[in-house]
Every structure is written in structure tokens, then in C-alpha cells.
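Both complexes below contain chain A, partnered by chain B and then by chain C.
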Partner chain A sequence: MVLLQLFLNGLQLGAIYALTAVGFSLIFGSTKIFHVAHGSAFAISGYIYWWLASKLGVPWPIATLAAVIAAAAFGLLMERFIYRPIQRHEASFFTVFIAAFGVQLFIQNLIGTVAGRGMETVNTPLSRSVEIMDGLFVAPISAISIVVAIVVFTALSYFLGRTHIGIAMRALSENPDLVRVFGLDPGRVAQYAFVIGSAVVVPGAIFTAMTAGLNPAIGTHVMLVSLAATIVGGIGSVRGAACGGMLLGLAENLAYWKLDPQWSEAVTFVVLFAFIVFRPSGFFGSPTAAR
Partner chain B sequence: MLKSRIAAALVGSLMVFGAAGNATAQDTIKVGANLPMSGPNAELGEIFSRAAGIAVKHINADKMLSKPVELAIEDSQATPQGGVVAMNKLVSVTKVPYVLSAYTAVSKAIAPVGDRAKVVSINGGAVGPDLAELGDYFWNVIPLVNFEAEVLIPFVVKEKGLKNIVLIFVDDPLGESVQKVLRAEVPKAGGKLVGELQVPRAAQQFASIAANVRQLKPDAIYIASFGTQVNQIVKQLRDNGVTQQLMSYSAMSTPSIAELPEAKGAWYTTQSADFTTSALGQRVAKEYKELSGKDANAYVANYYNAVMVFGILAQQLEKAGKPITGTNLLEQRRASPNFDLIGGKMAFQQNGTVAAPVQIQEIDGTGTGKRIK
Partner chain C sequence: MSTYIISLAILIGINAILAVTLNFILGYAGIFSLAHAIFFGIGAYTAAIAAMKFGADFTVATAAGMVISGVISLALALPALRVRGEYFVAASLGLQMLAVTVFSEWKSVTGGIGGLIGIPPVRFLGFDVSDPVLFLGLTIACLALIMIVIRALVRSSFGRSLKAIRDDETAASALGKNVALLKTLAVMVSSSFAAVAGSLFAFYLSFINVESFVLEVSVQIIAMVIIGGTGTLLGPVIGAVIVLLLPALLTYLPYLPPTEIGSIQQMIYGLAMVLLMIFRPSGLWGYGQSQDRKGDAP
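Our next item is the complex of A and B:
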């Protein structure tokens, strides 16, 4: 029964990791921008939801919509006012990284100053587990997070495969110049990537606010997980990032079955290193030959 | 031409501000603070620095010293590396004789720096028992966890009959210190440590820890962590079906834990810090509430007291015509180890740690909770 409990815990956590990783993978895959500030979109949307739903008593659909708008706006602003000016001057990857890292630190401190430095949670009965079988506890939020993750991935897959903008985003990741030849504006397509990639983290942020709680530094942790899941899943593959996130969530929890708890996070990185060594292209990335 | 004029103006401004800064530095006595002002432990850093700020204000308002005192805060981020960088800056650049410290791992990292430079570090938040042995220049104005456990464990095991205890502890010197203390104290009281679950410092998910705890079937759970991780552990244990008694040391005395519905009923130890029984306590509690909107707690008392100890010792040094240096502060403390501050009379022992009474609080959803022993 313990193993089943750990598996269910892993599915819930994996769903949250997958939602955050997919956003990062979408942005990085489309634009090749290492968006280290992706964790800030998570933190901003989580705190907006917490502030509206918990502090002001706003109904959850409105609070969710506001969180989505806030995350999307953050992504858009980052693309428009941080990354695009840097890329216009053909700055290096390192410049982009430092700029994004600086923004993340700024957002972390801004949240701490405005909302306080302590942990904040959204109090909801959805996070309380119910014993459904002897020794097996499941919270309603677990089922909700898995269902939402499936719905989001399905919608995203349809969008990327069947809509003009989605196809353009995939084209951008392969050949930005050719996108221009076909009359599309790469800058505009990149904006869509940032808006959608940032909005996709919102469900994960809300579920985290309800379960583990928020703190101003949560963006850093989210970013590390997103990065690991993107590498495991294959850079540029949204489907891969989703699978990578799910795998990491499961690994982190199943590790408790046989290992001491302090090894749970190390297991995440063992999985990551195993993929780097044995399958560097990840689950669904395309292998490339060294020249 | 215009660019060179702008550059000259900028350089000139910098020189003026630099000179003004230097003039200010010579006109004040600086006290350092090596506290976590960012990261997951920033809530505590904010509490500590606010309390220290109130003490500085009182020292200056009461004109205790010949020059105003100024607090120089550096961000340790609650990590040993961050603490050492901050300490080096305070010692070598800001040149303070006295530094406020927090967190066991940070304190152990900075103690050799202070010892070499003969700068006093004083801890008001960390509780690892090793902190009593970090040298002459490391002082503690808080009872260490071995004293806290000596009060809590017999109460839990003997008086409340909760014999089987699970320990959840952070992978950090503090966590390992508590593990050592509980391994000694729990059997001594007639109880049994039925599980020891060590969690990574950066861990945020504890649903599976809750599953482990349920399997162990304890009567009570002792949480040895700090910062927002304590809140996360408490919430996720309760959310995942753990209904047993929760307890901890003074790390549970933060406002965010006090407001957490899942923490209601949890017990924790702190040193006795009654703000209502003395005029000083009432003054500090009132000002802290005005500043932060929250009730004062034991940490506020500790860091207020830590700065006041400096103020009192420095005043004695000035009266004796001696300069305010770490070495002189140490000698003065040895000569006059007794202080009457928030919490009542306290005395520094030879090893630089205060002996102070310890109380057990229960979180009841109101401010700092109610005292149960």
C-alpha cells in the first residue's frame, strides 16, 4: 500500500512539474531563449491567485483568469523589453541568461517586499486527503491536477499541430529566417510563445499554492525542475517535457520506498544525469551527430 | 564635449557622496548584522532585523553612547557561504566590533572569521548545542536546543504520555544537532524514537514523508527545520492524514506559522519572553506591533536583547575610557555577565551562552499562542 501511496503522490507532483516544464520547453523550443525567469511567471501567478482568492475573497474563476493574465503579461513584457533588445544587438547566450536571472531576483524581492517573506497558502478543503482505502490517502486536488494537466497538454498539442500560430511556432524553432520568407513576423510568433508558455504555468502555481504553499523564492526551485524535465524530455519537445516532468515527480516520490528521504531530490538529478549520459536528446528530442 | 561634461559631473557627484558617506561612518558606531534578508528564510531575517532596529533606536533615543549606533545589515541568505561572505565584509570593510548572527550552519561558518578578527558574533536565533563551543568571540543570547528538549521531551513523554516519537529533521547542522539531542533525551524520559526522517534543505514536497510517518504510527512528531520548510511540513502532514501531536523548538514561533490553520495545537519551546510583565517588554512589543503589524515573539526579544547587550557593554567601556573593540567587549562581558532585559534577568555563562528559563507554547491561532508550561 505504501508503494501505491507513493505512486499516487508522484502522479500529483509529476502533473505540477509537467505543467511548469511544458511552458519552459515551449518558449525555449520556439525561440531558443533560455528563459531563466520562467519561475517568476509561476511565482507571480501564484501570488496573484493567493491575494485575490485568499485575501480578497474573489471567486476562483476570476482569480484564475487574473493569474493567467498576469503570467501572460509577464512573459510578453520579458520578450518585448528584455530579450528582444538584447537579441537586436546580437548579444550572447550569457547576456540573456544574466538579464533573465536579474529579473528573477528582482521579482523575488518585489514579491517579498509586497506580500511578505513568509509562506502563504490558499486554504481549501481540496487539499485535505481522504482515506479511500486502509492506508491510502488521496486529496481531491490530486485528481484535479492530473485532469487539468491532461486537458492542458491535449489543448496545447492541438494548438501546436492544427493552428496557424502553433505551426508557425514550430517553424520558428527550426528556421526563423524561413518564417520571415513566408511573411510571418518572428518577433510576433515569439511573443505568442512567451504568452502561452507563461500562461501554462498557472494551474501548477495554483495547485502549489493549495498544497505546498508559496514563498518568494519558489521561482528558483520551479526553474530547476523545469530545466531538468526539459532535458529529460528532449529540448524542443513539449510532449517530452510533459513526460519528463511526470517522470521526475514519480522518481522523487518512489525514491522514498527504498531510500532515506534525504535522497529524494538526489534521485531527480540521477535521472537527469542518466539521460544526459545515455540519451542526451531526451525522450523525444532529435539526436544530432557531432561534426 | 557633452558626454565628457556628463561624465565629469557623475564623477564629481560620486566623490561628494563618497565623502559624505565617509563623514557619516566616522560619526556613528556600527553594529553588524549577518542575517537572511532574501530566500526562503527571509521572514525570520525580517523579524530579527526589525527587533535589532528597535534596540538601536532605543540606544540612540536614550543617548546611551557618545555617538549614534547604526545597524549595518548584510544578507547571509541563511547559507554558510553567504554568511562567510557577509561576515568578511562586515569585519574587513565595514569594520564592526560586534555582529548579530543566526542559523546554526551560518554561525559555525562565521565563528572562525570572528575569532581571527576578534569580532564578537552574537546569536539570537540558532539553537544547535555546538554553538556553545565556538570560541570566546561567539556568544548566544538564546537557550540552545538541548535546554529546550530537556523541558519539552519529559513533558511530552511523561506528562502527556506520548511515548513514541518520530523526528523529521533537515539535512543541516541544526537538524543533526537535534537528532543527537533527541536520541539522548527521548529514551532518558522513557520514550522511544520510532523514526528519524531526514529531509533535504531545499525540499518542498512532504506528502511522501507523511506516508512514511503514518506507517511508523507515532504518538507525536518533532519537526527540526527552519524557515518556510517548517510551514510546509506542518501543512502537508495535516493535509495527508497525519493527525498526531506536532512539536518543535523556537522555529515555530513565526507569525506565518501562528496563522497557519494546520498548525493549531502544535507545541513548541522558546525561552521565556513575557512582554507584558515589564515596562521595557511593553515598550518593545508596542513598537514592534506598530512596525510590523504582528505580535512580538521570542526572536524579537532575543535580537533586541542582543543589541542591548552591546549597548550596555559599550556604555560601560566608554565610561572606563576604553575603545569599543571585540576584545574589550569580551572582557567587559566577563566582568559584568548579568543583564536585566526582556524576559527578566539573564546571565552569560563562561562559554558565552545565557542561562534563561524555557517555556512551552501551544499554537492556538492567536498571535504567539498560549503558554502551557
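Our next item is the complex of A and C:
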């Protein structure tokens, strides 16, 4: 029964991780930009939702919309004012990585200064657990986050497979010059990738605000998990990132069966480390991706 | 006041050792590690335990730290051999998080969150060098020695091979360079020297805990190297001076609330990293033009 409980908790956490990792993977897959500031989009939207819904009492649909706009705007501004100027003179991995890391550092401390360094939670009846079976507790929010993750993921698959801009995004990862030949602007397509990739973190951020709570360092944690999930799933594969996120969420919770909670992050990285050493291409990546 | 300046100078020296050793793999071998604070920590814990349990003097305690650090660095070298770029960043990040958990949970050895208290005053070849001025001398001597060794290594064929790997790994291996061995050696050298900084740190403060070896510290060391300039000998030292003087200067600004100084400092590092990458990727001390680092990642 304990194991079943942990499994259910893991599914919920995995759904949140999958949603964030998918955004990172989408951005990295189509633009080849290692967007380690992705966690900041999560932190910004989570805190905006908390501030509006919890502090000002704004109804949830409006707060959610504001969070989506904030995350999308963050992605757009990053592409326009950080990554594009850097890529204009030098596109090396290190330069982009350090700049993104600097943004992450800046946002994390800005949030700490503005909103305080404590743990902030959005109170909602949805996160109250109900005993559905003997000794098995489930909160409605768990089911909601899993359903939302499935809906977002299905919508994203449809978008990438069926719409013009979605196909262009996949094409961008294969061959930017060919995108230009087809009369599309690669910069514009990259902006779409950043906007959509950043916006999909919002449900995960809101669910985290409602359950585990937010703190200024959450962006770094989310960045680590997205990174790990993307590599475990296989770089460039959105489906892989979703599976990777789910696997990490499950692994983290199932570890509670034998280990103390403070080891949860360590478990994530043991999984990541094992994949990097033994199967760097991940679940769905092509075998040459790591090289 | 002069005690304050000496103590700041000692901390700058210790951090300069960390920056110089990280620059050895980051600037010359192109290995971007987010886990440098681990080896700082291993050096500090080893030296502290050697001094507390076995009454070891500085040379023995530091040597022990260097050996253990070098051996554990193989865990970092292992993924470095298999993968490049972003994968290695992720692996080193993972190792850093793992190490922090071990530092704070392995209570019988590291003292957990509380850390190790009461590290005996440092003895060096039978002399007591716990006087701050003498200790500053010891720190500067260690820094100078490490910089001389690294300068010699960089100019040797080993250093040239590392730079070849940094610029084009495929070409380097096509020319018959043993890429795996060279990378492993580079990581080991860098990690063992970082342990020297840890040993100095433990003896100087006579108290250590996990707080000094977390991810933020690794990031701060990276900031020193980046701000100063990667792939230069003096750049990281200049970076260490700037990064450590910043909080000291901030405390003199009257209108800043003291509780926010840490945050403001981190925001300045973040902003400095972003602006440098946009306008001057080679750092303050680097050569004016952007460095030839293309092709590091697929």
C-alpha cells in the first residue's frame, strides 16, 4: 500500500516534471540553444500566479492567463535580447550557457529580494487529500495535473505534427537554411519555439505552487530536472523528455520507500549519471546524438 | 582593520587557487565543470580530519586531500570521456548535487549540517603558522606554486594537446592524441590542486560545513574565471579579486539593507556574466577578439 501511494505521488510529480522538461526539450530541439534559464520561466510564472491568486485574490483563470503571458514574454525576451545578440557574433555552447546561467542567477535572487526567501504556497481545496482506499490518500490536484499533462502533451504533438509553424520548428532543428528557402524566417520560428516552450511550464508551476510550494531556488531545481529528463529521454525528442520527466518523478518518490527525503535529488542524479555513462543518447535519441 | 584586510587577502588567495585550477580545465581543455566546489570540499574535509584525528601537519593533510580529490575526480572524468558539451555540464551538475547530499548526510565523517568544529591550528614543517600574516604568506606561496606548475603544464606538450582537444576534439584524436587519457589527467590535476585551497580554507577557519561547498560556490568560481577571462593565467586571479571585493564594497553602500547584500551581489554576478557574454566573451583580461571556441557542441 505504501508503494502504491508512492507510485501515485510519483505520477503526479512526474506529470509536473514532464510538462517542464517538454518545454526545455522543445526549445533545445528546434533552436539548439541550451536554455538553462528555463527554470526562471517556471519560477516567474509560479510566483506571479501566487501573487495574484493568493495575495490579491484574483480569480484563477485570470491569474493563470497572467502567468502564461509572463512565461511567454520571458521566453521571447530571452531569445530577442540575450541569445540573438550572442549568436550574432559567436554561437559557441559555452557563451550561450554562461549567459543563460547568469540570467537564472539574476532572476532567482531578484525573486528572493522581492518576494522573500520563504516557502510560499497557494491554498486550495484541490490539494486536500481524500482517503479513497484503506490507507491510500489522493488529492484531486493529482488527477488534475496528470490529465492536464496528457492534454498539453497531446496538443503539443498535434501542433508539432500538423500545423505549419510546428513543422517549421522541427525543420529548424534539421536545417535552418532550408527553412529560409521555404520563405520562413528562422528567427521568427525560433521565437515561436521560445514562446510555446516557456508557456508549457505554467501548469507545472501552478500545480507546484498548490502542492509542494515555491521558493526562489525552485528555478534551479526545475532546470536540473528538465536537463536530466531531456537527457534521459534523448535530446531533441519531445516524447522522450515527457517520458524522462515521468521516470524521474517516479524514481524520486519510489526512493522514499527506502531512503530519507533529503536523498530525492540525489536519486534524480544517479539516474541521470547512469544514462550519461551507459546510454548517452537516452530512450529515444539517435545513437550519435551525444557525439 | 588590518586584520580584516589580511583575512580578505587570505580568502582572495584561496579563491584564486580555485579559479586558477578551474580555468585549467575550463579555459585550456574546454571541460565545463559545475562541480569544482566538490574538490574544494574534499580537500577541506580530508585536511580537517587528518589534522583532528591524526594530528597531521599542513603538508601531510594537504597531500592526503590532493590524493583523495584526484581519485574521486575520476567520477567526473568518466562522463567527460564519453560525452561532450551539454551532457558533461549536466553530469557535473548531478555530481555536485550528489556531493552536497553526501557532505550533509554522511554525519560520521563530515559532521552533517553542523560540520567539523575545532580544527587544530596549522603547523607547517614543525612551525606554527596560525598567525594571520604567516598564514597569508603560506596561501600566497601555495597560489604561486600552483600557478607556476599550471603555467609549465600549459606550455608543455600536454597543454598544447589539451588546447587542441578544446578547439577540435575530432581533429585532435585524428592526429593520434589519446583524448580520453589527456582529459582524465587534466581533470585529476585540476581537482587535486583545488584540494589545496580546501586544506587552506579548513585550517584558516578551523570550522567547515557543507555551506561552503554547494552549487552556489561552484557558480561563484565559474564567475571568477569568466569575469577575469578564460584561458589566461592572470585572468582568474583578477576575477577572484573582483568577485571577493564586491561584497566588501557593497557593505560600504549605506542605503542597502544588510540582509539583501548577498542577493544583490549574486544579481551583479548574474548580470556581469550576461553582459560579458554579449559584449566581451573573452572576459576582462582576455584578448579583445572572441575566442576560437566554435564547434564545442553539436
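One rule holds in what follows: the second predicted complex is superposed on the first by the 280 of 291 C-alpha atoms of A that agree within 3 Å, B and C clash if a C-alpha of one lies under 4 Å from a C-alpha of the other, contacts with A are read in each partner's own complex, and residues count from 1 in each chain.
The working rule: a contact is a pair of C-beta atoms (placed from the backbone, for glycine too) under 8 Å apart; a residue touches a chain by one contact, two chains touch by 3 or more.
All figures in this text were calculated on a predicted structure; none of them were measured in a lab.
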Fit or clash - chain C, chain B, common chain A: clash
Partner chain in contact with A:Phe207 - chain B first, chain C second, else both or neither: neither
Partner chain in contact with A:Gly112 - chain B first, chain C second, else both or neither: both
First, second, both or neither for A:Asn253, with chain B first and chain C second: first
Contacts of A:Phe24 with chain B and chain C, given as first, second, both or neither: neither
Touching partner for A:Phe34 - first (chain B), second (chain C), both, neither: second
Partner chain(s) touched by A:Ser129 [first = chain B, second = chain C, both, neither]: first
First, second, both or neither for A:Ile276, with chain B first and chain C second: second
Which of chain B and chain C A:Phe42 touches, first, second, both or neither: neither
Which superposed partner A:Pro261 touches (first chain B, second chain C, both, neither): first
Part of chain B, among the options 80-88, 152-160, 188-196 or 242-250, whose backbone runs into chain C after overlay: 80-88
Touching both chain C and chain B, counted on chain A across the two superposed complexes: 108-109, 112, 260, 262, 265-266
Chain A-touching residues of chain B, taken from the complex the two chains share: 38-40, 42-43, 45-46, 171, 197-200, 202-212, 214-215, 228, 231-232, 235-236, 238-241, 254-256, 260-261
In the complex, chain C residues that touch chain A: 30, 32, 78-79, 82-87, 89-91, 93-95, 97-98, 101-102, 104-105, 215, 219, 222, 226, 260, 263-264, 266-267, 269-274, 277-278, 281, 290, 293-294, 296-298
Interfacial residue positions of chain A with respect to chain B in the complex: 2, 5-6, 9-10, 12-13, 108-109, 112, 116-121, 123, 127-129, 131, 135, 137, 139, 211-213, 215-218, 221, 252-253, 256, 260-262, 264-266
For the chain A and chain C complex, residues of the former touching the latter: 32, 34, 82, 85-86, 89-99, 101-110, 112-113, 220, 224, 227-228, 231, 235, 260, 262-263, 265-266, 268-270, 272-273, 276-277, 280, 289-291
